[in-house]
Every structure is written in C-alpha cells, then in structure tokens.
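Each remark here refers to the structure printed beneath this line.
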C-alpha cells in the first residue's frame, strides 16, 4: 500500500492547540499527488497534468485530533468508477492510531477546465491498484 | 436564511487559476462562525466557546470552480440530531449559480477536548432554526 | 487614506491562540489588491493583471498580537521609486492600537513572468498618491 | 550548517503558477522549528516551548520564483543580539540557485505572551552557532 508521511507543522495548528481541519484536505492532496507522481500520472514539469485529478468531492471523518510535531502516515488507495477517480485515505498518528479516514472523488479536466474522458494511461495504471475495503 | 459573504482572495487560488478546494472548508467555517456569533453561541472574547462546534465530519461537492475576486454567498442552515450538530451550506458565485454544496457534522467538546453534551442554550437556539431540505 | 478591513478568522489562529504571522502577508495582499482594484490597476476579470504587482520584498514588524474575531484596519499607501512599486501598511486592531507595520516592494512582470517596465497608466495613478511618512 | 528540505506542494501555488509568497514565511518557520528541535530548544511534547521564538520581525527578498514539485533547501543560521534572537535563511531551488534570502527576529515570551529574558539554555546553545555573513 502507498504510504505518505507528513510532519505536523506549527502553522497547521489553531487556537484549540490541534491541527485545523482544513489542513487535512492538504495532507490528502500531498498523499494523492505523491501517489500519482510515483505512477507517472502527474509530472511536476507539466503542472497542468494535475488537472487530471480535479476535485469533485471530499469527505472526511475525524476520530482523533493531531498535534504539532506529530508524524502522520497517510495510507492511499485508488480506483476508477465510470468516469470518476476515487481515492480513499487512512490517516494514522502516534502509535499507529487512526485519526481520520477520508474519500475524495475526482474527474479529469483538460487545460481549459472542461471535462474529458479519463486518459487510457491512467485507466491502465489504476486498474492494477488494490482497493482493500472501504474505510470511510 | 443566514447568508455569509466572502470575496475570493488572490492567495486562495492555485496554479489551475481557481480557488484551491481546501479553502472551501475555510469559507464554511467563516459562515458557521458568523452564524454562531449572530446567535450568541460563539463569543469572540472567549475563543474556547468555539470548541462547542468541533469538527467531526466534512463533506463537500464541487459543481463549478470559483475565481479570484468573485463574490461568494454562503447559505447556512443548522439542526441537531442526537448529540450532533449538523450544518449545511450552499455556496453561490456569479449570477447566483450554485458552485458547491456541503455538510459538516460537529460535536461539543469541553476545554480539555473531551466530548460533552450539547449545552441547553445551544439546543434551544438550534431547535428554532429552519432546515428546508437537504442540499448535498 | 485607503483603509482595508479584515475580520480575523478562526482558521487564521495558531496554538499560541493568536493570528499566525504568515497570515499578515495575506492581509497586506488583501489590502493592496483592494487598493489596486479601486484604482482600476487590477482587474478581477483579467487575473494576469495582478502580475504587475509581483512581490519582490516583504518586511513586517509585529508590536502586538491579534486575536480571533478582532476587526483589523489596514492603512495603505503606495509610491514608485525607479522601476519599483512600494507599499506601506499600518495594521490597527482593537481601540485603534497599531499591531503591525509593514512595507512591500513590487516589480511589474509580464504574463511570462519576465520583468517589464512599470506601465504608464500605473505610474500616472501612483504619482498622485500620498506617502505621509515612513511607518516601518 | 543546518539545512531543511521542503518539497513544494500543489496547494502552495497561486494563479501565477508559482509558490505564493506568504508560504515562504511557513518554509522559514519549518526550518527554524526543525533547527530548534534538533538543539532541544523546542519540544513537540510541550508546544508552549515554541513561544520562546515569538516572531517580532520578518524580512524576505525574492530573486526567483519556485514551482510545484520543486525540492527546496533552506540554509539556517542563528545568533543572539541583546534580548533578540535572529535567524537568517537562504532558500535554494533547482540546481542550487538561490531563490530567496530572509531574516527573522524573535523574542522570548512566557506562556502568558509576556516578554521574558532569553533562557540561559538557549543562550548557551546559540552562542556556539556560526553566523557566516549576512545574506539579506
């Protein structure tokens, strides 16, 4: 399974002393982009390639807060359903406890932000991925 | 219906030229906090009062992107279900078109971040609110 | 003098319970963009026009922290020196106390991010502005 | 010399296609905190220890933009002058080119956000640091 690591920064906390919830969508993006780069589906030299993962829907559940300096692990899995790309994430903090689970749904856009079919190369790669069970 | 207004800032855009999706959770928070302050449920002088709206779940669907300088309107509605507080949001951009709909689920935490019962004062206020239909 | 208003949001705070310092650059940008739009120098319909205010240098001094829900006022003044555009800012919080002062230096870039001469229209407008004294 | 590494994330870009300038203050904080943790001056288990590095002043110059996916290196040096802690930073991107230089000035605050003397332990450690030349 693909695992992305993120160390919680001071600037990601809020006045409750915990990570602000909007940052979780950023951690998910980090994990998704790292996954897609590892498969050659996003090319940093061609940032427009990220538009193939335009965000249609996000859904996050928070079980435990996370804290300044905590080392997070984000498990990532992806699959395709029709013309949509679906990722799920399991975010683990200290001692491997699950802090959050999430799912995001994506569509492929062209450079003009118009909907396109999912490129064959992406399909081919995503069909080989494993989707173990639904975490959310 | 409670309406919150937000003008899209330059720093809220990303390299696709549109508002980055993580910022929508911030717009929802702005709207929710403005709503709660208007009802006396969050007191800026006692920031800890915001912990009565700790985020348990967020769910957002994006229909249209939004752009630098766009004037957004966020409709907000809230209700209570058991020990959970539920808000829904409808985000409208240029010419009133609906860009996103969202729902967030909250629980009340004490200052030590432990779960508490929803305060009676909050219950009394939220029971008077209207929940027209589910937007998400 | 041009004044921009900003209400401090929950998501702008950090675990010290105050506004995180990186957000001040965002408040300055808000103020600068609002100023430039009021003069017709940035056009929201042509976001590329913002590249005429590319950031070369930022300098901020913090005298007092600011807090969740605080109503900030940002005074803005601008001038041109050679091929550089200079803005200064005075950020005031509760009871008009000065919390921060700042200066930012900008250069005009073309759409390809290459340095260009400051457009005449911008020069003409900025030369009419008042620069009362240096605040930083 | 202490070096901190940061990979530029998608959510750190803006509609110019480059890293938004407010994020540089976040990269500097990351570097400063990593430096302070490596010396035992900030303890993640006691986040209040970060208040010994409260931000009084920030000053950044940008020579080159940085881009999505770029691997940044931030050189960090620190020294004490009177009751102030001073850090300087040199931010390098692709092929080691210097993109930005910066300086930040800090004061030590107690948990109540009141000014305190710089703790002796901090003084002892910082006096051993090297300050090669001024980069800004």
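Should a chain be cited, it is by its letter among A, B, C and D, assigned in written order, with residues numbered from 1 in that chain.
One rule holds in what follows: contacts are C-beta pairs under 8 Å (C-beta built on N, C-alpha and C of every residue); 3 or more make two chains touch, one makes a residue touch a chain.
It should be emphasised that the depicted structure is a prediction, and the values quoted were computed from it without experimental measurement.
Counting hops only between chains that touch, subunit B reaches subunit D in a minimum of 1.
Farthest from subunit D in terms of Cα centroid separation is B. Between subunit A and subunit D, the centres computed from C-alpha atoms are 28 Å apart. The distance from the centre of subunit C to the centre of subunit D, with each centre set as the mean of the Cα atoms, comes to 23 Å. Residue positions of subunit A touching 2 or more other chains: 10-11, 13, 15, 17-18, 22, 26, 29, 47, 50, 68.
The residues of subunit B lying in touch with subunit A in their complex are 15-18, 21-23, 25-26, 29, 47, 50-51, 54-62, 65, 113. Against subunit C, in their complex, subunit A makes its touches with residues 10-11, 13-15, 17-18, 20, 22, 68. In the complex of the two chains, the subunit B residues touching subunit C come out as 9-11, 13, 17, 26, 29-30, 33, 37, 44-45, 47, 50, 67-70.
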